[in-house]
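Read from first to last, the chains carry the letters A, B, C and D; within each, the first residue is number 1.
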Amino acid sequence: METLMAFVIGGLYAAGLYMMMRRSIVKLVLGLVLIGHAANLLIFTAGRLTREGIPVIPSTNEVLVEPYPDPLPQALILTAIVIGFGVQAFAIVLLKRAYQTVKTDDLDAMNTTDT
Amino acid sequence: MNVVVILPLLVPFLTAIFGFLAWGNRQAQRLISVVGSTVLLIASLILLWVVSQQGIQATQAGDWPAPFGITFVADTFSAIMVVMVGVMGLSTVIYSLVTIDVEREAQGFHPLIHMLFVGVCGAFLTGDIFNLYVWYEVMLIASFVLLVMGGERSQLEGGIKYVTLNLLASALFLAAVGLLYGLTGTLNMAHLSEVVPTLVEQQGMVTVVAMLFLFAFGIKGALFPLFFWLPASYHTPPIAVTVIFSALLTKVGVYSLIRVFTLIFTGDAVFVQVVLLVIAGFTMVTGVLGAVAQYEMRRLLSFHIISQIGYLLMGLALFTPLSLAASVFFMAHVILAKSALFLVGGVLNRLAGTYDLKKLGGFYRVSPVLAVLFFIPAMSLAGIPPLSGFWAKFALIRAGLETQQYAIVAASLVVSVLTLFSMTKIWAEAFLKEKEQEDGKLKEGVEPVATLPISERLPLLAPIAVIAMLMIVMGVGAEPFFNLALQASEEMLTRTEYVQAVLGGQV
Amino acid sequence: MTTSQPVSVILATGARYSLPLMLLFSFFILLRGHNLPGGGFIGGLVAAAAFALFVIAYDVNAARSVLGIEPIRLIGIGLLVAIGSGLPGLLLGMPFMTGLWLEPEIPALGKLGTPLLFDVGVYLVVIGIVLTIVFSLAEDS
Amino acid sequence: MTRTDVPRSGTLPLVNWLSNGGSGWVLGLIPLSLTLWFASMLPPIIAGEVLRVSYSWIPSLDVALAFRVDGLSLVFALLVVGIGTMIVIYAGGYMAGDSQIGRFYLYLFLFMGAMLGLVLADDIMTLFVFWELTSISSYLLIGYKHAYNSSRSAALQALLVTGSGGLALLAGLILVAIAGGSTSISTLIEQGDLVRESALYMPALVLVCIGAFTKSAQFPFQFWLPGAMAAPTPVSAYLHSATMVKAGVFLLARFTPILGETPAWAITLSTFGAITMVLGAYLSVSQVDLKRILAFTTVSSLGTLVMLIGIGGEYAITAMMVFLVVHSLYKGCLFMVAGSIDHETGTRDVTLLGGLRTLMPITFGATVLAALSMSGLPPLLGFVGKELIYEATLDAHELSPILLSAASVVGKVLMIIAAGIVVVVPFTRAQRAKPEAPRVGHEPPLSMWLGPVILGALSLLFGAFPTQLIQPITNSGVAAILNEAVEVEVKLIPSGLTPYFMLSVLTIALGFVGYWFARPTLQRVGNATEGLLEQGPVNSFNAVVNGMQALARWQTRVLQSGYIRNYLRIIVSSVTLLVSYALLTRADFSRVQWLPIGATVLEWVIALAILSGAGLVVTAQKRLNALAGLGLVGYGVTLIFLFFGAPDLVMTQFSIETLSVLLFILVLYRLPVFSSVSSEAERIRDAIVAGAAGLMVTLMVLVTVSGQLERLLTPYFAQNSYPEGRGRNVVNVILVDFRGLDTMGEISVIGVAAIGIVVLLRLRLGGEKNDPETVSTGKEQL
């Protein structure tokens, strides 16, 4: 299953990076979101996938018993998802403001600050 | 048990929170900000003192033993970096009191800048690779907001580049952490340092992950060819923000590089060294050439940030006790030098209304004090003895010659000349040159700094003066500072003390 | 409560009556999170959604007055609660964020301790940020 | 010039006096007392003692602050402070009334201190620190008239040349330290063989020579020195007689026992020295500006000194020491005279000057003495020096006695002509009645003629009694350079008709003949070739500087293009290239499971759904379709989390996904429809770059999961979550307790993000208008 996921992750990265290299400001953000998903899936997969169980200790037990999925990557992804959401929300509003100010969706028009 | 390690995180955190709670009350926010940054400076100095006296300090958050919880750890290197946060924090906050407009203050400038310190201090002190990512994000989001605060067109344009490329770096970072966990099953950096060498079959993959980290941190650290976001954005916000960015943000990237490449990724040394040396060389050369091409003071100085980072990387690449100590010393030096230069630029802009060197002029005659305050950091940056920058470069060059890395030494020498060249450009254009009108007469109206009321002059000039003094002290009295840097480099190279401090007796 | 005209009576009534229910539900999710899927983040989202309904049903002012506090302040308070939950341990000479638990267990609420307080901080921050974003976007457009 | 005279009404007479030349007399006491102090060291040094003092400075870098007084350093120190005394007094008169005279003296004393530190240094790092300080303080002095563009660029030129040389020197010194195992000059002098036998010897030699040659204006770096004449004349008099330019000579002398006495050393130094000697003298005779004439003769003299060091041996080194004194005395005097003439008549152009003998009799007297010494006529010290030089060149058997002697004769003959131009033309020729002729000169104040008179008198005094006054100190200097005691006679009266004496006579004869008959021809030829010989190096220097700036602009334009897609492409490509290289050369692919076997049908469906969602995003022509694709990806990922046991992730991802889509719709509602602005080729290129990056990620994941993962942390969480953490949801316990700091950072991020959104939406400082400055400077550079 990890193999299938590896291809999905690679595909998401490719799609995200391709979108980021477009000239549209909206596509740029869409690309960022795709890459965010890809990174989360990558952590999930790198921590290995398990179909059985959830990382919750049943009320009959004091400890988690095998088989269970690794809770640590899950916690990391949760943190990453929330952080990613915050940053993406900011980025979305930023591009809206940039669009309002520059009056175009074209990133190529936003090159006045370099050099 | 060790409260001193966590204080540099808690102090700015609480300062920021109280600042947010005082939303709308400008005076209260200013007061909280000044008090908070003063306390942060004191806390950081205490930390450095404790570390230098008693060795590496660590605390396990939540009292969960390492490597299971999150460890906060301060070795000499990170303690020095935290002190630099303290010094630059207080300087910038004081400077910002008279330079940041009311509107920005009302929108939370002060709490945001402390949130930035939270992220930076967290990144310097954490002993956990995923936690490092989290503090990076705190630092980044705070810097995003500070960068675009004001909503001017240039800020928004620069902001998009800054945000996009840094988010790409974050995605890389996250991927690298995920893969590293997939290889090792742990996140604690000291633990990683122990576990990584035992992965016999996956050593090759460890190098691959190391390269991923190199790029993730390299984008944040503005290495060649990843630095584009920096010249695109650093000159757009108010100067106080630029100062704190230039002082701290890229340095966190370099700090992290030094940390992981001394602590975790020490295998495959030859390959890593070649890669780092090539990048270091190109970074210093392209950066300084970028600076040479500029006539806008902030842009010029922004490119210099990149160039100087090449030197920091050179110290890491050479990987000797001397070279790493040089990097540590250089880091402190360049933070001071670059900040002082930006701050002087801010004063010039305040007086003349422009950062354009072609339009500036006459300040040598009318404001000798300001001229001195520029000349010292400028010469220090160019590596003129006996200022701080000289010893940093000297140690690097010596380390390079000792390890027979002649190409990088030659590059660093050439870059030194070009640095001197571009520093004298500012000196000649903004200070020596007189503003002239078409008819050739001297232009009246170069405002000397003395025309400002003392209540403005003091917050403007005092931070620069203190920083300039520090550069002289670090140069003429370099011994205690360099000794500390050597201690930092020895700790990093031996690693056992670090691992011991974090993991204690186990493992 | 407010002088603003509701967009639709049904929606307005729904928003009013669902508010206490949703807040209660969000609190439930917050508390059970330590033992079952849930927690401060999800709880906060549910609570924020309750107030966000007011924005749709009435307008921002109505939602603001129901909330009774500037959402940005809520972020500050939430952060303060979260960081504050770590301080008792510190004051007792233990590392920052050391979990301290109230014995014995309290019926209906379960075990009380500083980690739970921390989650409450998360809950408040999430309410604060969602409402901050929703309010300012609504005001902007 | 910026002499914005401050009104002085009502100020004290003392202040008035100080600002009008009196300050020179007061400040002159400092170098005067130093001169006496150093003079008091003469007896022990002549007796062969070496005084040393060392302070620990930066022991962790092996850097000491160490000083050494021996014959060599004492001679230099005496010249620095002795001539410095005259200069300080002279400057008081010359600069009287200058509003920035305080800065001038500050720089002058900074320079003097740096020069003293340099010649007394006994540690190569101490030496280097002071070496660089002389560069910086001379930069400030040369650019003193800062309002003039010419002055600034001359200062910059000098700084860049000497600064670059300085960095070469730094590398050279470090190599010497590595080879010799010490930074102490005294130690290195004793262990010279260690350095000479080291593999680092040749690079060290080259680098040290570059440092010395740039500082001492040797061919091909000589061009900055005449340019530096933009400085006020007291500065030129000081820097170019006894100090700055002699630093390179000092360095070579100091390093003779360390690097010297090898064929490479001898050939390099004598060749470059001889070329510089002839070239400088040749260029001097075609000049019309008094200061430029003197500047080129300085270049020539420096060449002579370097050549003599190269020849080596006790006679050549003695000649070097004597000529060093000779040159410092007469050149200091002549520069001051040039300044006085300029000061009193308003010009330094020899074609305009004349008849000053009667108007400035005292100055004329001093000038005659100095010019005679420069010409090498007895009984002045210049004659003694010249004799010794010929002796040295004729004895240079290991090199080429004929060539070196011939070069010396040519140089000396031209020097005589130059001396004639300096003395005869302005002083004895009748005043020309040209419209642009200068105002009538008169004798300058005491402060401005005292120095030249003393220096001229010393040339005479030392020339008359060299054996008594000069020989002891030069002998000790030579001993210091050669690291062995020597006894070389320095005398006025030649011992018979030696070859040296014959050459001397020939030189003087040729000089006089040349002055009277060949001068116009020489000047014509000189003018014709000046473009090539003088402007050539200047032009090359400018070409290098301009080329570097052009390269800088080009590079910045290419790299920092302003187009974010270019940045992304460069970054993604470099990541992909380097990481893939590491992956393909290092990773172990042997256990990789290449085919996705073992996945259930449902999992296949979800995987394909995610990928087709991504495909929809990429290919969508309408924004809504792209958002639908994004939603497909997001909810697909949620399902993955559901199938692999992550309920908390499911809840979070689901709610975040919903929020995100709402936010997108809310914010992006008014944005325009997509337009395909990229060309087909661009899209293909980007697809290749992105695809390669994606493939690399896939491979990395495959390799990573192919190995066994030992879970080092997870069992601890499974064990302790409930007993210690009081929670059954292990993920939640990790979030709020085990790794609570992560969550702390996380809520900070979203909190700040929310505030950022408020800031973005509310605060608009001129956001709708273009920032004109940013835009204009931005385009200007392109």
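Rule of thumb we're sticking to: a residue touches a chain if its C-beta (ideal position, glycine included) is under 8 Å from a C-beta of that chain, and two chains touch if they have at least 3 such contacts.
Just so you know, these numbers come straight off a predicted model, no measurement behind them.
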| item | value |
| --- | --- |
| Result of counting contacting C-beta pairs for A-C and A-B, higher pair | A-B |
| Chain centroid nearest the full-protein CA centroid | B |
| Euclidean distance of C-alpha centroids - chain A vs chain B, Å | 28 |
| Distance from the mean Cα position of chain C to that of chain A, given in whole angstrom | 25 |
| Approximate Å spacing (C-alpha centroids) for the pair chain A, chain D | 50 |
| Between chain D and chain C, distance of the C-alpha-averaged centres to the nearest whole Å | 63 |
| Residues of chain C engaged with two or more neighbouring chains | 35-37, 41, 72, 75, 79, 83, 86, 97, 99, 129, 133, 137 |
| Residues within chain B bordering two or more other chains | 13, 20, 61-62, 72, 130, 134, 137, 141, 144-145, 148, 151, 153-154, 156, 160-161, 164, 168, 175, 179, 182-183, 187, 228, 231-232, 236, 290, 293-294, 299 |
| Touching two or more other chains - residue numbers and ranges from chain A | 20, 25, 28, 38, 40, 42, 45-48, 54, 56, 72, 76, 78-79, 82-83, 86-87, 89-90, 93-94, 97, 101, 107, 110-115 |
| Topology of the chain contact graph, where touching chains are joined (line, ring, star, complete, other) | complete |
| Contacting residues of chain A [partner chain B, same complex] | 20, 25, 28, 32, 35-36, 38-40, 42-43, 45-48, 72-73, 76, 79-80, 83, 86-87, 90-91, 94-95, 97-98, 101-102, 107, 110-115 |
| Complex contacts: residues of chain D adjacent to chain C | 647-648, 650-652, 655, 659, 663, 666-667, 725-729, 731-733, 735-737, 740-741, 743-744, 747-748, 750-751, 753-755, 757-758, 761-762 |
| Interfacial residue positions of chain B with respect to chain D in the complex | 13, 20, 61-62, 64, 67-70, 72, 101, 103-104, 107-108, 112, 115, 118-119, 122, 126, 128, 130-131, 134-135, 137-138, 141-142, 144-145, 148-154, 156, 160-161, 164-165, 168, 172, 175, 179, 182-187, 191, 195, 199, 201-205, 207-212, 214-215, 219, 225-226, 228-229, 231-232, 236, 268, 271, 275, 286, 289-296, 299, 303, 325, 354-356, 364-365, 368, 379, 384-386, 390-391, 394-395, 397-398, 401-402, 409, 413, 416-418, 420-421, 424, 428, 431-434, 442, 478-479, 482-483, 486 |
| Partner chain A, residues of chain C touching it in the complex | 35-37, 41, 129, 133, 137 |
| Footprint of chain A on chain D - complex, ascending | 556-557, 560-565, 568-569, 572, 593-599, 603-604, 607, 610-611, 614-615, 617-618, 623, 626, 630, 633-634, 637, 640-641, 643-649, 652-653, 656, 659-660, 663-664, 667-668, 671-672, 674-675, 677-678, 686-687, 689-691, 693-699, 701-702, 704-705, 709, 711, 713-714, 717-719, 721-723, 728-731, 734-735, 739, 742-743, 745-747, 749-750, 752-754, 756-757, 760-761, 767-768, 770, 774-775, 778-779, 781-782 |
